[in-house]
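Below, each structure is written out as structure tokens.
Look for chain A in each of the two complexes below; its partner is chain B in the first and chain C in the second.
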Partner chain A sequence: MTEAIQRPRRKDPQKRTVLPTLPPTSRSRKALGFTAAAAAGRFVLQKCDDCGAVTYPPREACPKCLSMALNWRDMPDGGRLIAETTIQTSTNVYFRERTPWRTGTIELDAGITVLAHIHGDVAQSGRVRMIARTDKSGQGVLMALPEQETANMADDKQLRELTCDPKHRRVLVTDGRTALGQAMANAVSAAGASTVFVGIAETWRPYAGADELAAIPNVEVMALDVTDSISVKELASEIGGKVDILINTAEHIRAGGAMDRDGIVTARDEMEVNYFGPLRLIQAFGPGMRFRGADGVNSACAWVNLLSVYALSNWPAYGSTSASQAAAYSLSQCLRGEFRGSGVKVLNALFGPLEEDWRQHLPPPKVTPEGLAKAVVGALQQGLEELAVGAVAEDFLVRWKEDPRVLERELTQPEGA
Partner chain B sequence: MTRRGKAARQGYDGVVAAVPITIPYQRYSPEPAHWWIARALGDLVRTAGITPQDVDGFCVSSFTLFPDTAVGLTQHLGLTPRWLDHIPMGGASGVVSLRRAARAVQAGDAEMVACVSGDANHVDSFRRMLSSFSRFAQDASYPYGSGGPNASFGLMTDHYMKTYGVTREDFGRICVAQRENALSFPHALMKKPLSLEQYIAARPISDPIALFDCVMPCAGAEAFLVMSETAARDLDLPAVRILSTIERHNAFPDDPIQMRGGWEMDREEFWALAEVTPGDVDLLETYDDYPVISMMQFEDLGFCKKGESADFVRSHDLTNGGSFPHNTSGGQLSVGQAGAAGGYLGMVEALRQVTGTALGNQVEDANLAIVSGFGMINYDRGLCSGAAILAGPGA
Partner chain C sequence: MSTNGTTALSALAEALSKGSVRTVDLTHTLDPDFPVIILPPEFGQCARFRVEEVSRYDDRGPAWYWRNFSCSEHTGTHFDAPVHWVSGKDLPNASVDSIPVEGFVRPVCVVDCSKQSAEDEDFLMTKDFLLAWEEEHGRIPEGCWVLMRTDWSKRNPAAYLNMREDGAHSPGPDGGAITFLIEERNVVGFGTECVGTDAGQGAHLSPPYPAHFLLHGAGRYGLQCLANLDLLPPTGAMLICPPLKIKHGSGSPLRVLALVEETSS
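Right after this comes the complex of A and B.
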């Protein structure tokens, strides 16, 4: 049985911070298809379109019929552990620091065998449930979990390397003025975060829900205005060394495209919050987090961007905001690259229309702030890097993956979206 | 599909192997593979009493020659061969090189083939080799703990033990006997006796694998010559006839985990070509990077039935003076694993034993030897297997 991890003691500032090391990073280009799916929590294997054979490791051609038509398909996640080993010595520094390490051979219900990390609660020769996740190197890996939920299952040492569980971690929610920010603070607190820093711009200005926010366990309200470089830097100098998860809830959204607006004042506000906001946060908090990617139970582990799904393809009804969101999305890709080597994951939560004032006139289905917060916490607990929240976003992503050019044509029609 | 083997396979009449050469191993050495191979080739021609120009066929195995291959070595070493091969098959290199070279000599494509394997071992070369061993390893095994072959064999051993009720003591018998054989072999890196108690108490490496189940990576080289029987007689060299050989790659791909190697596919033909039986064999050299794979070779080559190796090792004395001499120089487990030279170790040792020129304890009346090779854990299992039946002058 997994033992519950204990809340870490206050860190001795005299002690050296353990530097992040990485599990093996190199993969073939083909294997990146597995990684991309794992980032979204999908367990896929290559399947031959011609003969139906399932195959692994990633190949260029089907080993049963030499067809080139191998495609990544979702697979049944059941299997059985048929052999295991506990690695006590490793040539790789990351694993060397983390031995003993349990790995095993799984005979999948999908008909083939794979090597995988093995959760400590999996019984010898027991049934397992497979998950695919990205590891600290950002590459997709397989892990076998016990088929049934066990006590403290998420606290397994090897599983926790793949997840960004808020439990015992310190979280910064950048804007607590909104219903979304407050819902997020509530959700991470409920998930066991040891401290929830909540940023409030212009603290002297009253806002709805202030008392309820302050009453959430472990919440500490801090002055933070993401449009003000000095404010961002000041907060980072105060708490930058103890932010393990940063969730950027600040957003500025206004209806309207480009041609109908007069001037760029609104667009500039959108960019100030939606693009320069995260840019300031990255510059102030990124280096500290990057340094603390292996800092024990409460290591820095995740950066969360909440992005409108229209970041991927412009919706002219919110055309100018979409453009700022596209800039933020592009920046998130840069951030992911810059966090490589640190073990810190970038989670992009793409959501459809949110149930809040500035989207009041949009028809349902909408995402509630509580629903979005719950989905983000769930994704952190699972260690995902990609998340679509709400029916609109999910449908949008299906269409986007199918053909982004067709989607663009759909969105730019008079009745688009 | 036509059944393979319908046409009778040709024997190796008139072809022999000779001049077993070992360059003493070193745990770490700053010298590159080129240096080790050059030394082995030099010893080979000097011992045979020929010149480098007489070598018109050259066959190389090495993991650490990069960026060179056998091609670059011809210029580096001043050879002008008319037949050249590079065998990247790790533990199967010795057997495969022998059978390639033998056919070349038999067909007249070359007269004097030097088969050489050698590898460097710098302080960090093992880690570097593991991290870039194969595409499948890079994509799908190295990221899972980076245990290298220890972890791969940990899994195979775990499965084998559970399936056949084999114990660690059973594996220990193999390792302990080989250590005894190694004590008289001058080039063995392991110089101290090993008891079964020490074997059992050893530090765990990748459970159920412990320290004495593992080989020690090192630098070194091994070599031999392949030529016609007539040439060997002219040079007055003790020569070894080749009675049969097999090789097989990626056998039984649908086995969920490795329980057997390619030998099982080709066993019948292997014995039939030589017209001998397992009972005629005086000594066996298996590829022994871990004892479990030696057990699979006992079974798949036909010395006992599948799953009965534990009984086999309990009822036989595997030392050079025993009822079943096995890995007579101490094998890789006690001599060390000099990269691809590990795939030559058993071959070179068998050539010595059946010509009565053992460097350590000579097996009495050693005439008929089996050399078996196994190599290349590309992902989860060894892909290459091979074996040869060798007959000394007294056979």
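Right after this comes the complex of A and C.
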């Protein structure tokens, strides 16, 4: 079993904040296929289409038959620890600060052996379950977990480096006026967040669920309006140094495309919330989080964007909102670049139609606010950076990966969606 | 207008410099968090006041500080021109850039409804109420502004908008009072402390939104989100309320001032 992490003590104000350092950063272009899959929590290895050989680390050509047809394939995640080393010192500053560090050789059920980080609860010569995750450098790495769940397993020091567990962390949920914001506050509180700051815009307007929100354990309701630069800056001045996870739940969605709308007022509202909103949040909260990426048990670790899946390809029925979501999606990629080196992950949760007022007339299947919140918290606990929530989003992503141009044609058919 | 070498303006200038005529600010600060009127969400909404910094003695402009602001024509303390309402859409010279400037500087009567509004947040000011006011303060002069004092401006933002599941609750005039002010007193405009010239539940009056419908249909003006009306006398003050000269503007945020003569008491 793992010793449970205790809630960190208050920071010693005389101590310098530990700056983020990084595990090795460089990967070949080929190897980024592994990283991209790891970001979504998938354990993939290269497999030769010609001879069927599985290979690791990533290669340009099959080591067995020299074929170039090496492709990333999902692999069975079982294996056995056959040799291990606990590293006591390292020339790499990141590992040097974190020794002792357990590593080992795993004989995979997939038929090859790999080097991996080893969870503290893995028994000598024991069976393991492999996970692929991005590390503090944003690069895909392998870790072997015990095959069965152990006590406080998520608190393992090495595993926690790969995850963004809300436990003992301080979370900002940017908009608590909606069922989604309230469900998110509930979910992160239940996951052990030590403080859940919840932003409320325009406190002069009543909103449903206000009393229930305030009653959620560890919730602190704060004035925050993502359309107001002054409001965003004011809140960052107040709590910017202790936001470890930021979950942007603010969204403005209206049906309608471009030609069937009169004027740009609604489109501007969509951009104000969906694009300029996160931009303001990034400018106000990003620098503090980037600085605090290695700040102990409750280091800054994750920025969560909730994006409509139509950010990837426009759905004309919600065409204008889709465009603002596309802008937000593009911005999230910029943010990922700007957070690189800080250890702060950007989690994009792409969801299909949500069960809420502005999508009321859409047919099921829909994602409930509670379902989306649960999926996001789960992804944080696992340390993912990509997440699709709901049947519509999952199906959409399959089609998008298959051929984005075909998907575009589908969506723009008269009956498209 | 000259007596003993003094003109009305020179007398005013002297009174202003001596302080026997004071200038009172009736304006709320333009603040991003100040309530605006809330319409059903499928309608277009009133833009909030927003500010974005362009530079502040920094790399964006080393020696100067300036900002962009944005808002609706109906954000904060603001002026309603006749074209604001459908009933006034075909009137000549009915937008803020074209209405005659004379109406912007006029005597003002202040009708104190603060006691009634404190007792009943849906208080409706009627023609009879105005007639009773005239009994005490004299007839409302032609061409003046009439302002409805409710002390609503002293409320916190939530109580100011006072939004509930059945809509906002705030005092205002009924249709009879507005018709009386237009047809029998020929006022130039009507103003309130609340977020609109109409009562919070004005949609349920007949006609709906009587102040907007009747005032603007008759080419009269509105002022709303006024403050400090408790500092004005019932009669005798002068209102100064020129809106921004926005081409085809339906209204505009503005600074509203009143000149108030010190009583000798």
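As a working rule, the second predicted complex is superposed on the first by the 417 of 417 C-alpha atoms of A that agree within 3 Å, B and C clash if a C-alpha of one lies under 4 Å from a C-alpha of the other, contacts with A are read in each partner's own complex, and residues count from 1 in each chain.
The working rule: contacts are C-beta pairs under 8 Å (C-beta built on N, C-alpha and C of every residue); 3 or more make two chains touch, one makes a residue touch a chain.
Just so we're clear, the structure is a prediction, and the values are computed from it rather than from any experiment.
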| item | value |
| --- | --- |
| Fit or clash - chain C, chain B, common chain A | fit |
| Most chain A residues touched (candidates chain B, chain C) | B |
| First (chain B), second (chain C), both or neither touched by A:382 | neither |
| Partner chain(s) touched by A:27 [first = chain B, second = chain C, both, neither] | first |
| Which superposed partner A:368 touches (first chain B, second chain C, both, neither) | neither |
| Chain B versus chain C as contact partner of A:67, first or second or both or neither | neither |
| Chain B versus chain C as contact partner of A:117, first or second or both or neither | first |
| Contacts of A:92 with chain B and chain C, given as first, second, both or neither | first |
| Partner chain in contact with A:266 - chain B first, chain C second, else both or neither | second |
| Closest approach of chain C to chain B (Cα atoms, Å) | 39 |
| In the complex, chain A residues that touch chain C | 202-206, 223, 225, 227-231, 265-266, 269 |
| Chain A residues touching chain B - in the complex, by the definition given at the top | 23-24, 26-28, 30-31, 56-58, 63, 82-92, 94-95, 99, 101, 103-105, 107, 113-117, 125, 135, 137, 139, 141 |
| Chain A-facing residues of chain C, complex | 32-33, 35, 38, 44-45, 47-48, 50-53, 156-158, 160-161, 163-164 |
| Sites on chain B touched by chain A in the complex | 126-127, 130-132, 135-136, 138-148, 150-151, 154-156, 158-159, 162, 203-209, 253, 256-257, 379-380 |
